[in-house]
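Naming follows writing order (A, B, C, D and E), and every chain is counted from residue 1.
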Amino acid sequence: MPLLDVKNLRVDLPVEAGTLHAVRGIDFHVDRGEMLCLVGESGCGKSMTSLALMGLLPRKARLTADRLEFDGIDLTTLSERRRSDLRGARMSMIFQEPMTALNPAYTLGNQLCEGVIRHRGVSRREASERAIYLLERVGISAAKDRLNQYPHQLSGGLRQRVMIAMALMCEPDLIIADEPTTALDVTIQAQILRLLRELQQEFGTAVIFITHDLGVVARIADRVSVMYAGEVIESAPTPALYANPGHPYTRGLLSCIPAPGKTPPGSRLQAIPGVVPSLVGNVEGCAFRNRCPQAQPTCERTPPLKSLLDDHQARCHFADQSVPAPRQPETMS
Amino acid sequence: MSRTPPALELCGLSKSYTLGGGLFKRGRSLGAVSDVSLRIPRGQVMGLVGESGCGKSTLAKMLLGLTTPSEGDVLVDGKPLRGANQKALARHVQPIFQDPYSSLNPRKRISQIVGLPLQVHGIGTARERAARVAETLDVVGLPRRAADQFPGQLSGGQRQRVAIARALIMRPDIVICDEPTSALDVSVQAQILNLLLDLKQAFGLTYLFISHDLAVVEHLVDRVAVMYLGRIVEEGTRAQIFGAPRHPYTQALLASALTPEPGLGVPDIGMGDAMPDPSAPPSGCAFHPRCPRAEAVCRQQRPRLEDIRGDNARVACHFA
Amino acid sequence: MSNVSPAESSASTAGASLGEIPLPAPAWSRVTRRLFGHRGLAIGLIVVGLAVLIALFAPLLAPHDPYHQDIANRMVPPVWHDKGSWIHVLGTDKLGRDTLSRLLFGTRISLTIGLVVALISGIIGTTLGVLAGYFGGRVDAVISYIITTRLAMPVVLVALALSSLTGGSLTTVIVLLGLLLWDRFAVVSRSVTQQVRDAEYVYAARTLGCSLPYILLREVLPNIAGSLIVVMTLEMAHAILLEATLSFLGMGVQPPLPSWGLMVAEGKAYMFFQPWVIAIPGIALFVLVLAINLLGDGLRDLNAPGGRN
Amino acid sequence: NKADDTLVYASDSEPENISPYHNNLREGVIISHLAWDTLIYRNPETNAYEPMLATEWHWVDDTTLEMTLRQGVTFQNGEPFNADDVVFTFNYVVLPDSKVVTRQNTDWIKSVEKIDDTHVRFHLNGPFPAALEYLSGPLPVFPDQYFQKVGLEGFSKQPIGTGPYRITEVTPGEGVKMTRNDDYFADSPIGKPHIGKLEFKVIPDQDSRVAQLMTGQVDWIWRVPADQAEQMQGMPNLTVDSGETMRVGYISFDAAKRENSPLSHLEVRQAINHAINRQGMADNLVRGGSRPLYAPCFPAQFGCETQDVVEYDYDPDKARQLLADAGYGDGFELNLYAYRERDYAEAMIGDLRNVGIRVNLRFMTSPALLEQQRGGNTDMSFKTWGSYSVNDVSAFTSVYFGGGADDHWQDEQVQQWLHTGDTSVDPDVRKENYRKALQRISEQAYWAPLFSYSTYYAYTSDLNFTPYPDELPRFAEASWK
Amino acid sequence: MGTFIIRRILVAISVALTISIVSFMLLHLSGDLATSIAGPEATAEQVEQIRIDYGLDRPIVNQYLDWLGGALTFDFGRSYYYQSTVVDLIVDRMPITLTLGGLALALAVSIAIPLGVLAALKRDTWVDRLALLFAVVGQAMPSFWFGLTLIVIFAVTLQWLPAAGSDGWQHFVLPAIALGYYATPAMMRLTRTGMLEVLEADYIRTARAKGLRTGSVIFKHALRNAIIPVVALAAVELGFMLGGSVVIESVFSLNGLGQLAWDAISRNDYPVVQAVVLIIALFYIVLTLLADVANAALDPRIRTR
C-alpha cells in the first residue's frame, strides 16, 4: 500500500470571474522512501496540490477527491483537530519562500521546538537537543547559538536549512517540499538538494518535491509527474521521462532549456508558443492543444491516460505513437 | 577593436552604502562594489554571474545612472557618464529588469508605457509616436491590440516583451539585463532569450547580461565576468570560463549547476555554509574562508585581477 | 497528418476557452459592476452623492430662508411631535429658524469643510510623505521629525488656542484644520511610497530621464492613490467632526452659518428636554460620516490588487 | 443636600483668588459675603444702609467719613475685630502693590486713620457720594494680624473672615468648602446661618450642571438658560425661580478712528437701534423678568435718570429708511464681536440682516475681545455689564463714557457731566448731570443698550431660598424645609 | 538596542525642543499678553506695569530662553490667573487626566483587539460586519454627543452612575467609555487588517503545517505580529486622549489637564497653556518612545537593525 494515495483530486477557487479549477482531477501515489517530483509551468497547480495534501488550502478553496489517503487515513473526512495531529508529526512541508516562512518575532529555537513539544510531549530540553542535532545535520555550524537567533539574522540559505530541520523534527513519514530552492543561487541550491537526498535515504522518508527546474528533477527524483493546467499529463520514472517523454508538453519543456554541449551557444532555443489556458471555467478536450505542434481535431476530445512502458503514463491521444519530428523554431511570436 | 572605443568601459568602479545612518548618526559602510574594471566591446554580450548579494545589481544601477559611483568612472562610447544627464544617457543605455510584474506601472496602458521614452525626449508628434510604438511592438512580437491593454492583463512573457519594447524604442546601443528571465519559467524564458538574440543580430546591440542561471549565460554570452563580494574574481571568454575555470569560486559555481541529466546526483562542492558579511569582508582574498585551496597568503594578501597568461582572460587568485 | 502547421492547428482546434488572454470586459462596465456589486460602496456613493446634490441645490430644496428668524415661533418641535406642524417639518431652533432649511444649507458647510480640509491636508501631507518616502535618508529623517513634531502637538488644544485668538470663522476653521490634519496623509503616503519607490517601473522611468515631478506625479502618485483615497475619506469625516467639536467649545464656524457641527453643538443645551434638536443634525452627521466611511472602505476594496492577472 | 446638611451649589467659573479683593467674579462676591462681613449692610429689600461691623457713621466733611466699630466681634480664628483690622485692610488695598483687581472699588479711598480701638476715619481722594454703597458691597474687612503673618498667598489658601461661614478648603479648579461659623456675632443683620455646610463646586459645562442637579449631586444652580429652566419647572423635586438682575446687555459702537465707517453716521447707529427687537428678545430669549433698556445704566441704580432718553422702538422700516438716508440703502457689511450668549448675538444678527446690514459674528474670549477693542479693531461689540452690583450709576455709565480706556467716543461734554455727577455730594446735582449725559448718549446713539438680564435659579425643593435682583444669592439666609 | 534607544531619545529631545518653541511662539506672537493679563478694568499704566512685572518687555528670545530654562527644572512659572505655580496646578490635575486616559485606553484596547481578531477570523460574516458597524458608529459620533447621551441614559434616567465629578472609580466609568470609544475604531480596524495580513503570511502557514493548535497559531504566532502597529497606534491614541480629553472632561466636569488647558486658553493664562501643551507633547513623546521600545521587544528585527 502506498504511503499517500490520491485519486481525482480537485481544487476549486471562487474568483471574480467564476470558479477557477486550479487542480482538475489528478491521480498520483507516493511510496515510503520515494522521491516524487512534480514539475510544470508556473500556475499549473503544483502548490495547490501540495497545500491540498496538507490541508492548508486558502480559506475559500474547495477540495474534492475520490480518494485522499495517507497511510490508510482518509484525509477528506478528517476533522481539523485530528488533521493538526498529523501535520508536522507525520507529514510536514517545506515552503517555497525561506525569507518569509519563519515568524520574525520568535527565536529559531522556539519555532523549531514547538512542533515536537506539541506532538511528542517532550520537554523543552529534549526538544532543543533534537533541534541542535538536526541543525548540525543540515550543515549549520554552532547550532546551539543559532537557537537563540532570530530569522532575520540568517541568510536565505541558512533559513531554508532551518525550514528543512523543522520539517524533520518529528521524523515525519512524508515531506512535501514546494520549490525550496528557487530563491537561492546555485551553490546553495546544490547544498540543500544533497542534504534532502541524504536525509531521505537515511530516514526512509517519502518526499514530494515540487519544482520547475528540470535540471534539479533529473538529479534527485525517483519518479516525475508533469502537470499542465491543473492536470497530471505525464508520469514516469525519471530516466524514462528524460529518455522518452510521452507528452508533447514534456518534450517542449525539455527542449526549451539550453543544454551545454547539446544546444550550440547563441543558437535559437526551442520555445512553446502561446500561453496557458485560463483555468476559470471548464476546459474541454486537451488543454495543451492550442500550443501543441501535433494537435489534431481529435484533441478536442479529452485525451485518455495512456500507459507506455513500465509505470509510464501520458495523457495524450498520440502518446503511444512515434514521436514526430520537432517543429521548426518559431519566429518571434 | 582597440581603435573604436568599447561600447561600455568601467574603470575602477566602486560603490559603498552607508548602513543604519540617520540624522544623528553615521552608519557602517558596506562596499557593495569594489574596484571593478571591465570593457564591453560593441555588439558583444557580457555575462555577469555571482552569488546573490555580491553586487551585480548595484553595478547595473551605476551603469544606468540610478546611483552614482563612490569612485571610478563609466565610459559610454568613450565618453564619461559622470556629469552626463540622465536624459542624454537614456539614449545610449537602457535596462531590462528582472521582474516583469513590477517593472511596468500597473496603471498605465501598454502604449503609454512603450511610448513614454519618446514622450520624455519630445520625439515626434503624437501620431508618429503611436506609429513607432506599433512598430516596436511588432519587433518584440506582441500583437498590436496589446497596446490598449494594461500590464495586469498580460502574461509574464508578454510583459517582459513590453519591457523590452520600452527599452528598445529609443534604439539604445547598450542594454543592461538584470536577471531578465529568472522570474519566468523555462518555456517563456526560451522565448525571451530568442528575442534578445534576434535583436542583437538585427540592431547590433551590446548587452550586459546578469544571471544566476549558468546554462542560460553559457548559451547567450560572448564573455563572462564572475563576481564575488563586490569584486570581479575572474573574467574571460565563454570558452575560457566554462571550459577551464581557474578561480576556485568559478569552479564551485560551475560544479553546482545542475544539467538535466538523470542519475548524476547532486555534486558535493565542499564550500561550507558561511556566507560572508559584506559589511565586514574577510581579509586578503575574500573567498579564503570558503576556499578548499586557501593558504596563509590568501588570508593576508588580496590577489590582483590580472591577465596572467596573456590570453585576454583575467583572474584574481594566488594559485591561478 | 502529424505535420499540420501550428498556426492552422491552433486556429482549427482551439476551443473558445483556450484562446489567448481573455479580453477583459470594457473598463466602464467593469467599474460600474464593481461599484454596485459592492453594497457598502454603493450605499456610500448614493448617500454622499445625495449630500452633494443637496448642497448644490439647497436654495431650491429649502422650504424657508435658513436665516429668517421669528423668535415668537421658536423651538417648534418637528412634525411627528404632538405640537409639531407641517410648516416646519423638522421644527424650528431657538431663534425660530427652520431646522430643515438650516440642515439643507448646513450640508454645504459641512461638506465644504470635509472636502477642503481633506484637500489641504492631503496636499501638505502627501507632499511631505511622498518626498520622505521617495528620497529616504536625510530627507526622510527631517520629514519624519516634522511629522513626529506635528503628532506630538495636542491638536485640539492648539486649534482651540489659535481659534480663540482669531475668533473662529469658516475660513479660519478650514485653514486651521487643513494645517493640522495632514499627519495621517504624511504617514501613510510615506510608507506606501517606500514600497513603490523600489518598484522597477520607477527605476525604468528614471533611466528614461523622466523628470522628478513626472516620476512623483505620474508614476508614484497613481500607485499610492488607493491608500490616499481611504485616508482622505477618513480625514473628511474627521474634519467634519472636529469642526463640530470646535463648535461645541464655541470656537468653530460662526453663526448664523448653519454648519451641522454647530447645530449639534447648539442642540446640546436642549438634550434633556428637546432631544430632537440635537438628534436631527446628529443623525445627519452620523449618516454622512458613515457613508463617507463606507465609500472609503469600498474604494479601498475596489483598489485592492485582486491578484496579478 | 438636606440629609447631610450640606448645600452644594455650582457655577461655571471659580474666582482666581479667594481673597475678595483679588478677583472680580460673581462667584467670588458670593463667597466674600459668606466668609467676610462689610462695615455697612445694605438691606436688599429696602435698600437702606444698616449697621454691620460698623455701628454708626457720619460725614465729617465732603472727604472724611468717621465710623464707630462694633465690639465683641471675633474673626473665625479667634482674633478680635477692632480698628486695626479696618485700618490695615483699607490702607493695604489702596497700595499699588496689593494688586487689587478692581481698582475703582477702592481708589476713592485715600487712607484710613485709627482714632481709637472702636473709631476710624476714612479720608477720601475727593468727594465720593457713592462711598456708603461701596462700603456695603465689595469691601470686606480682613484680620490684620493673620494676614500679615501669612501674606496674600497664605491667605488665599486659608482665608479668615468674620462672616457667617468659615472656609475650610479651597481646591483650585474644583471648588470651596465651608462650614457654619457658630460664633457668628448675634446682632448681624444677616442673622444666624441655618445650614451646617456649604460647598461650592465649579462645573464649567452648563448641561453637566443641570445633569448633576437632576441626579442630586448638586442642590442649587443658577444662570440656567431660560428654555431649560422652563422645562425644569415641571419637575417635582426641583424649584425654579427667576428674577431680573443688574446686568445689562448692550451693543457698543466704535467709529472713532474710522472716518469712512458706516457707524460714523448717526443715522446708521440710530437705524441699528431701531432694527433690534429688544422687546422680542427680552420676552422670548432672555425671559425671567428681563426688560428692554435704552440707556447705559440699570434702572434701579442711583442716577439712572432716563426720562429724556430716546427710546428707539423696534421699527425695521424706519431703520431701513434711516440707512437709506445715510446713503446705505444697499446695506453694508459689519463685524459683531461677542464673548457670551451666542444665541442673543445671533438673534441681533438676524434682526440686522433684516434691514440689510450683513453682520459677521466674531466670537472670542472676553480678554481677547477686550484686547481687540482697546486696539480699536472692533466696530461693533455685544457686551454686558453688571456694575459689580453697585447701585450707583457711577459704576456703569462713567466707566464707559467717563473718558477711560473703554470710552470709544470721548465726548467731552458727556465726560464733564459724568464727572460732576460722580463727584458731587448733592443728590439733585448728581441726578441732573446724569440725566443730561444719558440723554446725549441716547440721542447720539453711541450705544445700543438692549435689555436687562435675568437669572434663573434651579434648586432642590428641600431648600428655602430667596433670590434678589442684585444677583447675590444669600446662602446664609437659606434653610432646609 | 542601545544605539537604537539613544537615537530615539535624541530625536525625542529635538522634537520636544521644537514643540517648546512652537508652543511658546504660538501664544506670544498672537496678541498683546499684557493687555489680556491686565484684564478688562486695567488702565494703560497698569498694563505697562504688568508688562514690566511679567518681563514681557524683554526680547522674545530672552523670554523664551528663560522659560525654557525654567521648564527644564519643571518650573513653568506662575499662573497669571491662579495664585499658584503652574507645576502645582499641573500636578494636581494630572492624576485625573492620566486615570481617564489610562482607563479609556485600557478599555479601548481590551475591546478593540479581541474584536479586531474576531472580525479577522470571521471575515465577511455577520460578526465582521457588526464589528465594522461598531467601528463606524464610533467614528461618526461626536464625542460630546456620545458623552451626553451616556449621561442622559446612565446618570439621569437610570441613575446607575454619577454624571460628573472625580471622587471615585464610578465617576470615571462613563467618561472612560466615552473617550475610549473614540479610540476603539481605529485600533480595531488596524488589528483586523493586521490580522488579515498576518494570517496570510507564510509563517502562519508554517505554524499550521507544524500541526500547532488553532489557538496557538492565532495568539502566539499571528497576534504578536499583528499588534505591532496597534501598539504604535495605541501610543498615539493615548497621546491624543491626553490632549483631546478637553471635551470629555468638560462634559463630565472632570478637573483634568484638558479642562485646565481649556480654561487657561479662555483666560489667556499663557504660562499654563504653554506648560500643558508641552507636558502633553512630552507625554506623547515618552509614550511613543516606550511604544518603539515595546515594538522592538515584540519585533526583534527593529532591535538589531
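To be clear about the criterion, a contact is a pair of C-beta atoms (placed from the backbone, for glycine too) under 8 Å apart; a residue touches a chain by one contact, two chains touch by 3 or more.
Small disclaimer: the values here were computed from a predicted structure and weren't measured.
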item	value
Smallest number of contact steps required from chain A to reach chain B	1
Comparison of B-C and D-E by number of C-beta pairs in contact, larger one	D-E
Chain of greatest Cα-centre distance to chain A	D
Whole-Å separation of chain centres (CA-atom averages), chain A against chain D	90
Distance from the mean Cα position of chain C to that of chain B, given in whole angstrom	46
Length of the line joining the C-alpha centres of chain D and chain E, rounded to whole Å	40
Chain C-chain D separation of Cα centroids, rounded to whole Å	48
Chain C: positions in contact with at least two other chains	20-21, 145, 164-166, 268, 271-272
Sites on chain D at which at least two other chains make contact	207, 211, 214, 365, 368
Touching two or more other chains - residues of chain E	11, 31, 148, 152, 156, 250, 265-266
Residues of chain C touching chain E in the complex	145, 148-149, 151-158, 160-162, 164-166, 234, 237, 241, 244-245, 248-249, 261, 264-265, 268, 271-272, 275, 278, 282, 285-286, 289-290, 293-294, 297
Touching residues (chain side chain B, partner chain C) in the complex	21-23, 61, 64-66, 85-90, 93-95, 97-99, 101-107, 116-117, 120-121, 143, 149, 152-155, 158, 163, 166, 170
Complex contacts: residues of chain B adjacent to chain A	51-52, 139-141, 155-158, 184-191, 193-195, 197-198, 212, 214-216, 218-220, 238, 242, 252-253, 255-269, 271, 273-275
Footprint of chain B on chain A - complex, ascending	41-42, 139-141, 155-158, 161, 184-187, 189-191, 193-194, 197, 212-221, 238-239, 241-243, 252-254, 256-260, 263, 265-273, 275-276, 329, 331-333
Residue numbers on chain D that touch chain E, as the complex places them	16-17, 22, 24, 96, 101-104, 152-153, 156-157, 171-174, 202-205, 207-208, 211-212, 214-215, 217, 365-368, 370-371, 374-375, 404-406
